[in-house]
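Both complexes shown next keep chain A, but they swap its partner, so chain B is in the first and chain C is in the second.
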Partner chain A sequence: MNVQAEKWPVARKANKGSKIKEDKATIVFNVIGYTLLTVISLVCLIPFWLIVAGSFTDEMEIISEGFKLFPHTISFEAYKSVFTTPEQIYRAYGVTIGVTAAGSLLGLLLTSMAGYVLSRKDFMYRNNLSFFIYFTTLFSGGLIPWYIMMTKYLGLKDSYWALILPPLVSAWNIILMRNFMKSIPDSVIESAKIDGAGDFLIYRRIILPLSTPGLATIGLFLALGYWNDWFNANVFITSDNKYPLQFLLYKILSSAAVLRTQTGAYLAANVVPPAETLKMAVAVVATGPIILLYPFVQKYFVKGLTIGAVKG
Partner chain B sequence: MFKTKKRLSLLLVLSLMISLLAACGGGTASNSPGSQGAEKSANGEGGAAEPKLEKVKLSWYLVGDAHKDQSKIVAEWNKMLERDLNTTVDLKFTTWNDWKTKYNLLLTSGEKIDMIFASSWADFYKLSKQGAFLDLKDLLPEYAPTTWGNVPEEDWDSVTVGGGIYAVPNTNPEYTPLGYVYREDWRKEFGLPEFTDLDSIEAYLDAVKTQKKVIPINGAAYENVNSLYKFWNDFQLIGGDVIGATSYDNPRDIQILPYTEEFEAWVKRMKTWEQKGYWNKNALSSNQEAGDFIKTGQGAIYWRNPSSAGGFINEVKAKNLNMEIGFFPFTRFHNYVIPTLPSSNAMAIPKSSANPERSLMVLDKLRNDPEYFNLMTYGIEGTHWAKGEDDKTILIPAPGVNLDETPRYSITSWGWRYEPNMKNEKGGWDGLDALKEEFSPISKPDIFGPIYLDYAPVKAELAAVNQVFEQYGKPLMLGLTSDVDASLQTYRDKLKTAGVDKLLEYIQEEANKYFDEKGIQ
Partner chain C sequence: MSEKRGFLKEFNKNRTLFLMIAPTLLYFIIFSYIPMIGVYYAFTNFNFDGGLFGSEFVGFKNFEFLYKSGILWNLTKNTVLYNLAFLIIGNILQIVSAIFLAQLASKFFKKTAQSLMFLPYFLSWVLVGAFVFNMFSDLGVVNTMLKQFGLQPYDFYLNPAPWKYIIVFFNVWKGIGYGTIIYLAAIMGISDELYEAAKIDGANVFQQIRSITLPLLKPTFILLILFSLGGILKGQFDLFYQIIGNNGLLYDATDIIDTYVFRSLTVNFDIGMGTAAGLYQSFFGFVLIMTVNYIIKKTREEYALF
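Here is the complex of A and B:
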């Protein structure tokens, strides 16, 4: 994906060049540039293609001849296994999208507020508080106390909150945000104060717009974290209508894996799901929407990461 | 004006979002304290009033996945339970995702669970020693009288840890010795005799390699060779891959197996097998099961136990692959078989249970009442199965049911299996019954499985020895080293420096403790 981001400036330069007169060096540069970038983007695309092609290959063909870019026999067996209960997959998509949206927005709000407060030099205990936050990255209670805390004292077993809360605010993100906001000159804040702005107004009207690159980065981290999270669901969610997508897909894979082991023999399934192609199909189902979405969202990321320089 | 409007709408959206989230979680949050309170009060009265049972809601956990129609089946079950025992059960599943972590969390966190699947392969002995389960000795005769009566004495023994009975084992004698599934049609084509010993297997492998030009053990070969090694030499491994008893009849003769002459002879022979090309150079790193290559016609041998061999043979039949598959159990080398420990599939009550008495009553019903048993083990009659020609046979799928829409009902019902209630599926592999008949007269009890090892004093040595085993032992077993004598010497030396002697001492001590307790010489 980075490759594409790099491609644009080159393309634009080429356009401009054609209006003026192209000298030989530019043409050579363009030819080299285009061929190199084409090769690199192909290299980036091939693994994706291999996954897609693999998911449509016949299981037996993969075993006997390995993965191929263009399979001989097309088979939909893997997708049949994934979509044995389609309504469950759609439901899981809904859960994942909901949790990702709610979690990332809420997380961004909290992280940016925390980061802003800690970045203000007139906040007296900022260093102590930072250390307090930082401390949690070094030491943690461990899995069992965490589990007991979540289920017994917070009552979050089998609740959507169990999916949203744990990844919501991370110390690392707060520190990142604080450092980013530190780079905003104090004078901007001071001048706003002189104009009569309160703390929340400064935060909302001055700090947030100036930190869009930081927000975009952390928003991306959060969203990816939520989208890919299966562990919280594994530990806390018991009813199957609350399964997020990744957990459900993982479940399909691990059931297929268990069926191939000795334990699986008891389960008496005469039809063993296609394990190799199933993995590929699951990857396609999990990443597909994100890849389709990416071209549309990408420009915001690029914008967010390039503008935002402090102007006076 | 405009600004305030914008701000207001933002506020509105935010508050909406928050209330939405709150609504999602609120339901469960407000539910749980209420139900807990109800449980507690029910418990208080339930024990006292025997004849008329108070209403109780139990929470049960099984490993593995739920079936698509699970809620329907559990609803049906709850109707019956409510009628007979005034109880409902909330049946939950761990799923197979990282299930061990989850299983241990459930038990260590003290969550209220009234019954859970337990097994020797899910750390039953360790967990009972640590006090995760309730001692059922005094409860069983009163609350599960039928089960108490029909589980054999020695089965209770296998779930007895330090004088307490910590689980209700399943009662369904099973034999799961390893063996080879192989291309029987090829054997007939070569005109070779049936397998009886190592030489006959070698002759077959050789014919496959030279006449069919097929690598007989294609893909991952290690377990295929390792299982043959254990059964051929009659080694009874105890806790790991290096130390074990030299034979079933001499359980106290526990040795470091790589130091034995048998091991030396074995690895030398395996070197010749490797040179003849019975498996690939990448046999250790391959992730492909040897069995998958049989299905594509590129392999001939695959290690399985009888029931998974049955699954394999059924699959080959279902896919209409034009081949005949045979099964050779390694038990024929030494003519005895060790049945699966009854504790390998059991149901246990965690310490945290609020209603152990009621939970046992439900289990007693589930195991022994065919109505309950059939529903929870095979699903709804007419949907997931149908009656066969006699009481012991069932048809799957039921007539008029499409397996693609209604997959076969197979949850981890292993913990409550009770032989007289079990049914056979029509059209299954008939070899399984023949093997059962072959095995029952030559059965000998498992005296090695229950030896409890936690390795506390020898943790470092264990890790080092396992490391050496992975690095030197596995390649040696498959003959993947250039000089067998030299690498055997290295393997033995490395084991010594890793502290294998200390490990041996520990295992001997623990094993002798167990043998003394059970009076085994």
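Here is the complex of A and C:
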């Protein structure tokens, strides 16, 4: 093996483009690599396929035979059922979109202002305040004292604020934002000061425009967190017209809530109303926007991860 | 006195900056610092009318119960073992994926694989619950297949055994893209010259990986492992709750500190006991992360958290 490798040195990057015969080790490596990564990618994809396939199957087939990798029948009944009385889904969509938009924007404002202040090297208390914020990730009172604070002392039970406030500001996002802003040269701030600009004006006119990649990354992290949040609704929201999308899906999956559909129409037609397939259809409808946006936003997340990883 | 004057001077100089960070500080005071006082519940026999200081003080009785009943041991064991499994299996798969992604030639393949692997990270845990339902319920894909092969259907909801693997699988599944990207970034930071030199010396691709990539990934690996060890008492609530839910039959094998605390709050209404378990987790978690940070500071100061 070693002898062969010496005979045909690997053509990794030096011979990019030129067709030089690859050595045995490289061929083995490529075969393993392509196979393994294909398998992992497929495993990442299969659960989606199962849900989509399940949502398009005929309810009778599921009841008599169960969910399948490749169903025999195709049926749009589940989607028809969802969209003939879509009020509940639309309502949940509305709640999720509203909470996501409000929370992301407000969170971005607070995070960027805090990050800016902590990135200012002439701000005396920046290290103390950084630690004050960072400490909350090291120690916490736990779920229950926090819950009692939210409900008993702030009265946020069944309030939209209970969905907006918990994910609003996080120490990690502030640190990430501070690190983004630290890379802006001091001279920019200094020259603006000489021109007589105040601290807030510097933030708004200079720092924010220069931080758009950071803002995009953190804004998307926030938005994703809000969109996927079900936990806060689970502990705080009691009236079902305030359910966000993921929580409605959770309730439907656990059969604690039945999607209000026109079951009456099915009684006459002698067809089984979709129940199991309906769960899958709602899962598809709730996840759709994420899948559609994913190709466009992926790069911002990758950027956020790599910067966060390098600078902690 | 002089310190106070220093503060006032600084405040007057940077009033705008103070105002800009004030909402965030207020946020952390209200939602993080004040609730810390609430750990006092752990030492009370909590009743809702009494509130924070109106409940009967019972000292360490809640902790004593958690310890003597064996609950604490079971919760700690489950939390730590699951996290170890996540950590080891997750990191190995992430490193292997990153190494292959970095070396393979086809750009299209790399991009597609990376996108598909990162996709689960974007999905809600509720959707993971939907997968589990689709695969493991009575009508699930697994049972359909068993029936097709003429085997007896398997009732997953009555048997704790398979859930350990299902939980580990979905944790690894959701995090593989995330970790791969971090390791990939570390590999991309390795200088090309090293590989060129190795090639001239006749090293094949496996030898290059063994003697260049792996040793240079070691610091990133150790750092990530250490930080994860610091958080080893923190459970993945969403994962366990969406997969197991409130199925009491499976608790022995799948109950972690976070699910126990959650149930104390929402099912058993045992505020004192739940807060005690939460405080136990917070306290030892704090000790662990401080220890880890101390070790990192001693060895590679630039990577220390604070």
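What we mean here is this: the second predicted complex is superposed on the first by the 187 of 312 C-alpha atoms of A that agree within 3 Å, B and C clash if a C-alpha of one lies under 4 Å from a C-alpha of the other, contacts with A are read in each partner's own complex, and residues count from 1 in each chain.
As a working rule, a residue touches a chain if its C-beta (ideal position, glycine included) is under 8 Å from a C-beta of that chain, and two chains touch if they have at least 3 such contacts.
Treat the numbers as computed from the prediction; the structure is a model and nothing was measured.
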For A:159, select first, second, both or neither according to whether it touches chain B, chain C, the two together, or no partner.
-> first
Just chain B (first), just chain C (second), both, or neither: which does A:290 touch?
-> second
Please work out whether A:63 is in contact with chain B alone, chain C alone, both, or neither, and reply first, second, both or neither.
-> both
Is A:144 in contact with chain B, with chain C, with both, or with neither (first, second, both, neither)?
-> both
Touching partner for A:254 - first (chain B), second (chain C), both, neither = both
Residue contacts on chain A - larger count, chain B or chain C = C
Now for A:51: first (chain B), second (chain C), both, or neither, which partner does it touch?
-> second
Which chain A residues contact chain B in one complex and chain C in the other?
-> 63, 143-144, 147-148, 152, 230-231, 235, 247, 250, 254
Residues of chain B defined as touching chain A within the complex | 17-18, 20-21, 24-25, 27-29, 32-33, 64-66, 68, 92-93, 95-98, 101-102, 105, 108-111, 121, 176, 288-289, 292-293, 295-296, 298, 304-305, 307-308, 310-311, 314-315, 318, 403-404, 407-408, 410, 412, 414, 425
Where on chain A is chain C touching in the complex?
-> 1-2, 5-6, 9-14, 23-26, 28-30, 32-34, 36-38, 40-41, 43-45, 47, 50-51, 54, 62-63, 65-69, 110-111, 113-114, 116-118, 120, 123-125, 129, 131-134, 136, 138-149, 152, 154, 165-166, 168-169, 171, 174, 198-200, 203, 224, 227-231, 235, 246-247, 249-250, 253-254, 276, 279-280, 283, 286-287, 290-291, 294-295, 298, 301-302, 305-306, 309-310, 312
Chain C contacts chain A in the complex at 10, 14, 16-18, 20-21, 23-25, 27-28, 30-39, 41, 51, 93, 96-97, 100-101, 103-106, 109, 112-113, 115-131, 133-135, 138-141, 143-145, 147, 173, 176-178, 181-182, 185-186, 192, 195-196, 199-200, 202-208, 220, 237-238, 242, 245, 258, 261-262, 264-266, 271, 274-275, 278-279, 281-283, 285-286, 289-290, 303, 305-306
Contact footprint of chain B on chain A as seen in their complex = 60, 63-64, 80, 84-85, 102, 105-106, 143-144, 147-148, 151-152, 155-161, 164, 230-231, 234-235, 238, 240, 247, 250-251, 254-255, 257-258, 260, 262-272
